[in-house]
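Quick one: structure below, then a few questions.
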Amino acid sequence: MIWLTDVLAVIPISLFIWAVSLVLGAVVAVPTAGARMSQLRPVRILAAVYIEIFRGIPTLVWLFVIFFGLRTFGLSPTALVSAILTLGIASSAYIAETYRSGLSSVPIQQREATTALGLSPRLSLIKIVLPQAKPIIFAGLGSYAIHLLKETALTSLIGVVEMMTVANYLVERGANGLTVFFVTGVIYMLLCLPIAGAVRLLGRSRRQNRPAGPDSLTPLSTPTAPPECAAPWHGMRWHECNSSST
Amino acid sequence: MNVSMEKQPRMTETVQSAPRGQEAAEQPAVQVSNLGKSFGAVEVLRDIELEISTGEVITLIGPSGSGKSTLIRCMNLLETPSSGTLQVMGETLVQDGKILPKRSQLQEFRAKVGMVFQSFNLFPHLSALENISLAQVHTLGRRRAEADERSAQLLDSVGLGQRMNHMPAHLSGGQQQRVAIARALAMDPDVMLFDEPTSAIDPELRVEVLKVMRDLAQSGMTMAIVTHELKFARMISDQVLFLADGTIVERGTPDELFGAPQHERTHQFLAAIEETKL
Amino acid sequence: MQFILDLMPGLATTFGLWLLILLIGLPGGLALGYLLGLGSRTLRVLGLVIVNIARGFPGLVTLYFVYSGLPELGVFLTNFQAVVAAFAFTTMGYTAEIFHSAIHSVPRAQTEAATALGLKAWKIQVKVVLPQAIRSVVPTLLGFTVIVLQATALGYSVGVRELTGLSYNLGSISFQALSYMLAAGLIYLVLCVVISQLADWMQSRSAGKRVKRVKHSPRKSHPTTTPTPVA
């Protein structure tokens, strides 16, 4: 199992691609989601098209398109740059939808209540809507983050030296493919564990542990709605097929 | 309902409405004229004429879908009327179906009209006290401590002084609605609107909300209430309006409207309600 | 336009992969879903291990595992077969959960009613429970097929000349790499949008039906299947 160290050695590269694209995606997703929910119809449609284009075309194809495309424009990006750019932009489309479904899971009545109290839309968003959307957004962000980590394996196909590239190389050099690829798969799974944990921690609402007073009734309902997706199958990806047993 | 039935003389009670600055002499608190509202091609309200004097309590009754909610929501511009005019406390807010004030002014105005929703709409991530303090701080610009003090006082007056730090999920429907009333009162509103405030509450808990509303009415608050609690409406109102198919079919004092309805449609409605009680 | 026409053979291959993966993966997922709901502890643990590997491995890893790993065990698959096997396995893992929760969401009262009528246990499953469970997940599964479609693009990596593989090849021969890739992307996009719209339409249709049924029912609404959202 001497080869194992070689695979482990490039974990930081996979994690680097993952982290940078995730941050890039999460940031670009903010204006994208804003545009998607804009009052102006053309803006809304434009954002919807952007999102649909990135969700409707396989990431691998995007990797090639951007890799080849940048060259056509005379740039010679390294594989790593193309990889991060592709995964980052694609992420922004997915994450924008996560933001949107989180925000729209907050009942419209909550906004009405703030309007009736004379709160500005901005304050209403910050004080009322976002705190309620937070657990749902983090849950969606978390499963996307896990999905994205697995997607980084694709970057080996445009020549980024990450775990899959090394695993492949080792197998070509005569290592046992069965063990190498299985162990690589397990490494990916193990890497996902702390992400899932972190997300659970971040998404925990500030108040969940507040003790109810001695004279309180039994909770009538949990305050946070279950993650609700307008159309969960629409442009669904692997990461969106979660369910309880994992 | 066990809320006492006689119309009591108005007096300052447990619930205190805001001290009214200058009584707008002779001017109605709310004046609606020729108001209409359509959703797309569907006309939901038409030719609505309505006046609420300062300190007056009116109730809107009528069958489901008749436009009661839409009308009351037009009064604080949660819905924008399609036509007609709306004046609140002497200020013209809507003229010929156009909203006159700018957005920032609108926010100020809305704070002056309290709204209580059927589904309470408390903010689930904030405690009862924080629910009430939030808009005091951010809309009225009160200091935090000052707002919290007022909130505590209001919670006391609706009988929930012990539940300040409870989250909405840990309160019963009746308690949540009382918090919601306190939240609206914290803005020192000139008018309070109620849209079926007890419909979503277990029958045995409704009375606690009705009592709060009765006290509020007795303190001199101007109120418009949509309700299906006819006994309560009869007890509390100065004026009752019967709405059907988007128009006010009949109006009058409670005794007139409930005792001797003039229109066939009103008669039908009251008889149908009577029947469901059997 | 010429680019798109050139890619038609690849589209056929993609389509073949897609169909075979679903034909094998979906029934497999149903079987695995039942396994998850079984009383036997060992079988359930086994099912969970399979599900977690299928979901936890990146698609590319699973594919390489099948294509260059299994030969160590004497299992030699062509590249086409390897893609089918790998993603049928993944599909199994993902849909097992969908089927599992759908079967669970069929009200117990349905089984009880059927038992009271004297139906045999397996007949209850086949005639009463399964039809309701499957109907409730059809839109979700249809959406899932989009994911499978996109996954077939990985066939490129083991040399299958499906859409992506073929456009890569043609692109490198003709020095028109970008145009061929864009054409492939366009085809994927159209397919995905069409399937998604179909899923939306089916969902709204079945939702509409459900509402109507309740409305017209004179008695208190009898328990209908309420599909629990998978997401």
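Per-chain residue numbering starts at 1, and chain names A, B and C are given in the order in which the chains are listed.
Methods note: contacts are C-beta pairs under 8 Å (C-beta built on N, C-alpha and C of every residue); 3 or more make two chains touch, one makes a residue touch a chain.
Keep in mind it's a predicted model, so treat the numbers as computed, not measured.
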Problem set entry | Top chain pair, ranked by how many C-beta pairs fall in contact | A-C
For this session: With centres defined as the mean of C-alpha atoms, identify the chain lying farthest from chain A.
Result: B
For this session: Select the chain whose centre, defined as the mean of its C-alpha atoms, is least distant from the mean of all protein C-alpha atoms.
Result: A
Exercise. Where the centres are mean C-alpha positions, what is the separation of chain B from chain C, in Å?
Worked result: 52
Exercise. Once you find the CA centre of chain A and the CA centre of chain C, what distance in Å lies between them?
Worked result: 21
Problem set entry | Rounded Å distance between chain A and chain B, as computed from the means of their C-alpha atoms | 44
Exercise. Which positions of chain C touch chain A when the two form their complex?
Worked result: 36, 48, 51-53, 55-62, 64-65, 68-73, 94, 97-98, 100-101, 139-140, 142-144, 146-147, 150-151, 153-154, 156-157, 164, 168, 171, 177-178, 181-182, 184-185, 188-189, 192-193, 196, 199-200, 203, 229-231
Problem set entry | Of chain A, residues touching chain C in the complex | 52-53, 55-62, 64-65, 68-69, 71-72, 150-154, 156-157, 164, 167-168, 171, 176-182, 184-185, 188-189, 192, 226-229, 231-238, 240-246
Exercise. Across the complex, what residues on chain A touch chain B?
Worked result: 107, 109-110, 112-120, 123, 127-128, 131-132, 205-207, 210, 212-213, 215-217, 219-224
For this session: Spell out the part of chain B that touches chain A in their complex, as residue ranges.
Result: 76, 78, 104, 107-111, 113-115, 117, 119, 121-125, 134-135, 138-139, 162-163, 165-173, 183-184, 187
